[in-house]
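Got a structure for you, written out below as C-alpha cells; questions coming shortly.
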Amino acid sequence: MIELINGIAVSKDFDGKLFGRMNKKEDTVIQIGDKKIGDGEFAVIAGPCSVESKEQILDIAKFVADNGAEFLRGGAFKPRTSPYSFQGLEVEGLKYLHESKQKTGLPVVTELTSLKYIDEYMKYVDVIQVGARNMQNYDMLKELGKIDKPILLKRGIAATINEFLMSAEYILSGGNEKVILCERGIRTFSDYTRNTLDIGAIPLLKKITHLPVIVDPSHASGLWWLIEPLSLAAKAVGADGIIVEVHNQPENALSDGGQSIKFDVFKEMMNKLL
Amino acid sequence: MIELINGIAVSKDFDGKLFGRMNKKEDTVIQIGDKKIGDGEFAVIAGPCSVESKEQILDIAKFVADNGAEFLRGGAFKPRTSPYSFQGLEVEGLKYLHESKQKTGLPVVTELTSLKYIDEYMKYVDVIQVGARNMQNYDMLKELGKIDKPILLKRGIAATINEFLMSAEYILSGGNEKVILCERGIRTFSDYTRNTLDIGAIPLLKKITHLPVIVDPSHASGLWWLIEPLSLAAKAVGADGIIVEVHNQPENALSDGGQSIKFDVFKEMMNKLL
Amino acid sequence: MIELINGIAVSKDFDGKLFGRMNKKEDTVIQIGDKKIGDGEFAVIAGPCSVESKEQILDIAKFVADNGAEFLRGGAFKPRTSPYSFQGLEVEGLKYLHESKQKTGLPVVTELTSLKYIDEYMKYVDVIQVGARNMQNYDMLKELGKIDKPILLKRGIAATINEFLMSAEYILSGGNEKVILCERGIRTFSDYTRNTLDIGAIPLLKKITHLPVIVDPSHASGLWWLIEPLSLAAKAVGADGIIVEVHNQPENALSDGGQSIKFDVFKEMMNKLL
Amino acid sequence: MIELINGIAVSKDFDGKLFGRMNKKEDTVIQIGDKKIGDGEFAVIAGPCSVESKEQILDIAKFVADNGAEFLRGGAFKPRTSPYSFQGLEVEGLKYLHESKQKTGLPVVTELTSLKYIDEYMKYVDVIQVGARNMQNYDMLKELGKIDKPILLKRGIAATINEFLMSAEYILSGGNEKVILCERGIRTFSDYTRNTLDIGAIPLLKKITHLPVIVDPSHASGLWWLIEPLSLAAKAVGADGIIVEVHNQPENALSDGGQSIKFDVFKEMMNKLL
C-alpha cells in the first residue's frame, strides 16, 4: 500500500497528485513577507486563541516577537461548538492583528470561517488558516485555490492522512501552490488529553509530500504543561514548525485558557527549541 | 452526567438548549408538503447517491415512490474526497430532482455544499441536507437558521452527541425550528464496514431532544447487504425514518455503487419495514 | 476484500477457516442441557453483574426464569480495572450459581479469569465466558479448545471483526466446536454511553460465520434505559440472543449498578422481545 | 480532572495509588544486572520480533550490543492473531536468548504468554514483558506481583492512561515494585500506519508516575522508516528508553519483517540517539 523508494513514500494513492513527492521531489518553501516556512528552519507561530482586545493582542505579539516567534496567530472569527460561546471580534479582530503586525513585523496567521469575508482576509491577513472543522469544506477549499495567499490547512479531527492530503489537493489543483499542512491531534478514546497528537504523521507526511508540515501542540493535548515536550517532539521528527497558543493571562482567557501557556513558559520553551 | 428523569434525559449540557426535551417536551413534527417526519410514522427517503441524468433520477424516483418511499434523495452537488472525482450535475441536477418530484409527488432531499446556491435550493429543494463534512461549518448553519426550509443535519464522522446537538442549536437559535437529525455511522477501527452505525445514539437522542432522528444505513455500513438489517434495527430502536441509497444499476453508479441497493432488494426491504 | 456470494460473506481472510460459512454452511446449534443457542430462537441470558450472596443470585434467578430467561449469568470471578475493587465471591460464587441452577433449571454462564480454576468451572458452570479483556489471551483460548464445554467469547473492546473470529478459531482449531460469539460494544469517542454497540457486526458476522452471535446491551451502553431498545435492535438484525444485566437492587449493586435493569423493566422488555 | 501542582500531575484517580508521584515523588530506578532503566539515561532494548534460531539471535545480539543497545529483546512465545501463524520456538527460544546474554552481556527482555512457563522465565529471562493483549489479564498481573523480577508492561491497544496505570497497580500492590511502562501505539482510524504512537502519553505519564516509561516505535508505526524519527521523538519528550525491532534479514523474518530495521539503519539511528 505504501513503500519507501529512494527516500520517497510511494503509493498508488499519490500517483499523479500535485501534493506528492512522486510528482515534485524538492521541498516547497513558502515565502511570507521576509519570513519562510519549509526552508529547513523551525518556524514558530504564536499568539492567543482569540483576539480579545487591541491591547491584549499587541502585548502578546510583542512578547512572542521578542522571544523568537516569527508569526503571530490569533482568532478573530472563532468556530465554537456552542452558538452561545464568544464568537470572536470578527473584522475588528482582523484589524487589531494587522496593527500588531505593523508594530512587531510578525506576519498574521488567522482562521477563515466564512467566504464572505475573503476580501478582509486578503487585506489584513498573511496566512489564511482553514480549521479542522472545515478541512472538508470543499467549497471553501476551491475558493482558496484561486487566490494568491498562503493557506495553513489543519487536519480534520478524524481525517485520515489520505483525506488530509486530498483536501490540500483541492487547493493545489485550483492553482494556489502555497499550502502548509498542520497536524493538530486526532480524536481517540484518550482520557486525560483533549486529543492525541499523531506524531508519526509528521515524518510520514514529509516523505509523501513536498509541502511544509507543522504541529499544533496546544489543540493536540489541551494541557499547557504538555506543550513544551510536544513541541520538542515536533522538532525531533522533522516538522517545519509549530503553531502554539500563548496568553498573557490564561486564567482569564475568553477561550482555551487551559491549553495556553504563559509568557515565562513560552520563553523557556523557546530557549530549548531554538 | 446524564440521567433519565420522567422519561427525559437530563444533563447540565442540555440546560436551556432549544434542542432539549428539558425545554420542549413534545415531539417536533416537520411538515413537508403533504408528508411529515417525526409524527410517529417511519419515513423512508430513498434515491441514488448522485443524480446522473434526467432519466436515471426519474426512473429511480418512480420505483421508490411505487414501493413506499415518501421522499426522494439524490446528490446534485457532491462533496468528494478527491477534486478529480465526479462532482455532481450541480444546478442541472437540482432541476432534474424537481422534475422528478413533479412527476412522483416525492419531496426532494439533497445536500447543500455552498451557500452561493442557496436561492436555487430554496426554489427546487424541499429539505436541505447538511452533510457530515459540514456539520461544523457554522457559517452555513447560521445561514440555514435564517431560512424557512427543513434542514436534514447529518452527524459528523467523529462528532460526539453533544457536538451534534450543538450544531442543531446553531440552526434552531437562528430561528429555523425545522431540524431533522441523521445518524450516519461514525469512524472507528472497523475492518469490513465503511463506518460503524451508532445505533444507541437513536434512543439516546430521542430521550434528549424533541427533534426527529433518522438513520442512514448506506453510509454507515458501505455494504449493500447490510442495509436491510440496519434499517430494521433503526425502526426497532424508534428512529423516525431512514435515508437510503437505491440505484437502478449499482454496478454502473458514478459514486457509492457498492453500498446502493437494487430495486428488488429495496422492494423486499420495504415489505419487511412497513 | 469482502463480498456476498450466494448469501455467504466471502473473503480470502476466511478461506479455510473453521469459523467460516465458506467452510461449513449450516448454522451451528449449541445444546446446553435442554436449551439451545443458535437454533433460530432468541435466547435470553440474564442475571446480575456479580454474584453478591446466595440469596441475591437465587432471588434474581427465580425472577428472570419466571419471565422468560433461559440462562443465568452472574460473575463469580470479576476482572476489575482496579485491584482494590470488589473481585467477586470466587469459588463460593460458582457454587451459588450452581445451586440457583438446581432450583430454577437455568444453565449457568459465567466468566473464567484464571485457568487454575478450570476444574471448578467444569463442575459448576454450563457455559464458560471469556471476557473482552481476555479475548486475545491465547493461552486461555488454547486450553478452552481442549475441553468439552460451550464457550461464550466476548469481542475485545477494540478488536476488529477478523481478530474476533481468529480468537474463535483458536478454540475451534483445538477441537471445541461450541463457540458463541458476543458483541458487547466497542471503544470509541462516545460522550454519553460507555461504549458503542456495533450493531452492524451482527448481520455481518452471521453472513461470515456459522457460529451463534449474541449481544450484550448492558456493557455496550452502560445506561439501563438503553437496554430495551438495544435488545430490540439485536433481535431485529438477527442476533441469536442477548446477555443482559438484571439486579434486584441496582442502586446497591457491588458493580455495574448504573447499567443493570430492575425487575419491572426486565419484565416489560421481555414482553416486547418474546 | 487532572492538574499540575508543584510539577506533579494530581487527580483523584491517582489518590493513594502506588504508581503515583502523589505517593512517591522520586523516580523509580530499576536495576537489571549492571544496567539501569529510569536513571535518566536513555536505554535501548533491541532485537528481533521472534527468536528464529540460535545463530539468528546471537548474530543480532552481537550487532546491537556493539552499537549501543543495553538490552536484548526477542520473542520466544509469540501471541499471534492466527492460531496457524508461527508461534515461536518457546522454551528453546528462551534458552537461545539466555545464551546470547552470556555471550554479549545484554540482559534479556521477552514476553510471557502463559503462567505455566513462569519457572523457565525466572531462570532464563531478566525482564518479563506483558504484551498489549494481556495488559488486563489480571490473573497474570497478580502472579507477577508476587515475584522478584522486573516487568515491562505494554499498554493495551485501546487502554486509557488510567487503565494502563491501574494494571501496573495490580503488580505493584502484589509487592513487585519493578514495573516499566511501555507505550506502543494505540488503535485509531489511521490509514498508513499500523497504530498511532501516543507521544503525549510519555510526558503525561512521567508527571503522574515515578515508574520508568519507554516507547516501542516498531509496533506503533509498523513502518521501518518511521522508527528513527519516532525514537528521536521519544527521547525528546523524556522517555526512559525504547524497545525496537532489529533483524539481520527483515525480508525473511518469520514475523513483523516490515517494521524491523536493518543493521545499518539501526547503527545510524543509534548515532543520532546517543
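Order of writing sets the chain letters: A, B, C and D. Residues in each chain are counted from 1.
One rule holds in what follows: a residue touches a chain if its C-beta (ideal position, glycine included) is under 8 Å from a C-beta of that chain, and two chains touch if they have at least 3 such contacts.
Nothing here was measured: the structure is a model prediction, and the numbers come from that model.
> Among all the other chains, which ones are in touch with both subunit B and subunit C?
Shared contacts of subunit B and subunit C: A, D.
> Just to be sure I understand the contacts, which chains border both subunit D and subunit A?
B, C
> So the centre of each chain is just the mean of its C-alpha atoms; given that, what is the distance between subunit B and subunit D in Å?
Roughly 47 Å, centre to centre.
> Could you work out how far the Cα centre of subunit C sits from that of subunit D, in whole Å?
33
> Counting only residues that touch at least two other chains, what does the list for subunit C look like?
Where subunit C meets two or more other chains at a single residue, that happens at 158, 162, 187-189.
> Can you tell me which positions in subunit B touch subunit C when the two form their complex?
Residues in contact with subunit C: 1-2, 4, 11, 158, 160-162, 186, 188-193, 196-200, 202-204, 207, 220-221, 223, 225-226, 229-230, 232-233, 235-238.
> Going by the contact rule set out above, which residues of subunit B touch subunit A in the complex?
79-84, 113-116, 133-134, 136-139, 142, 157-158, 162-163, 166, 169-170, 173, 187
> Touching subunit D in the complex: which residues of subunit B?
Within the complex, subunit B contacts subunit D at residues 187-189.
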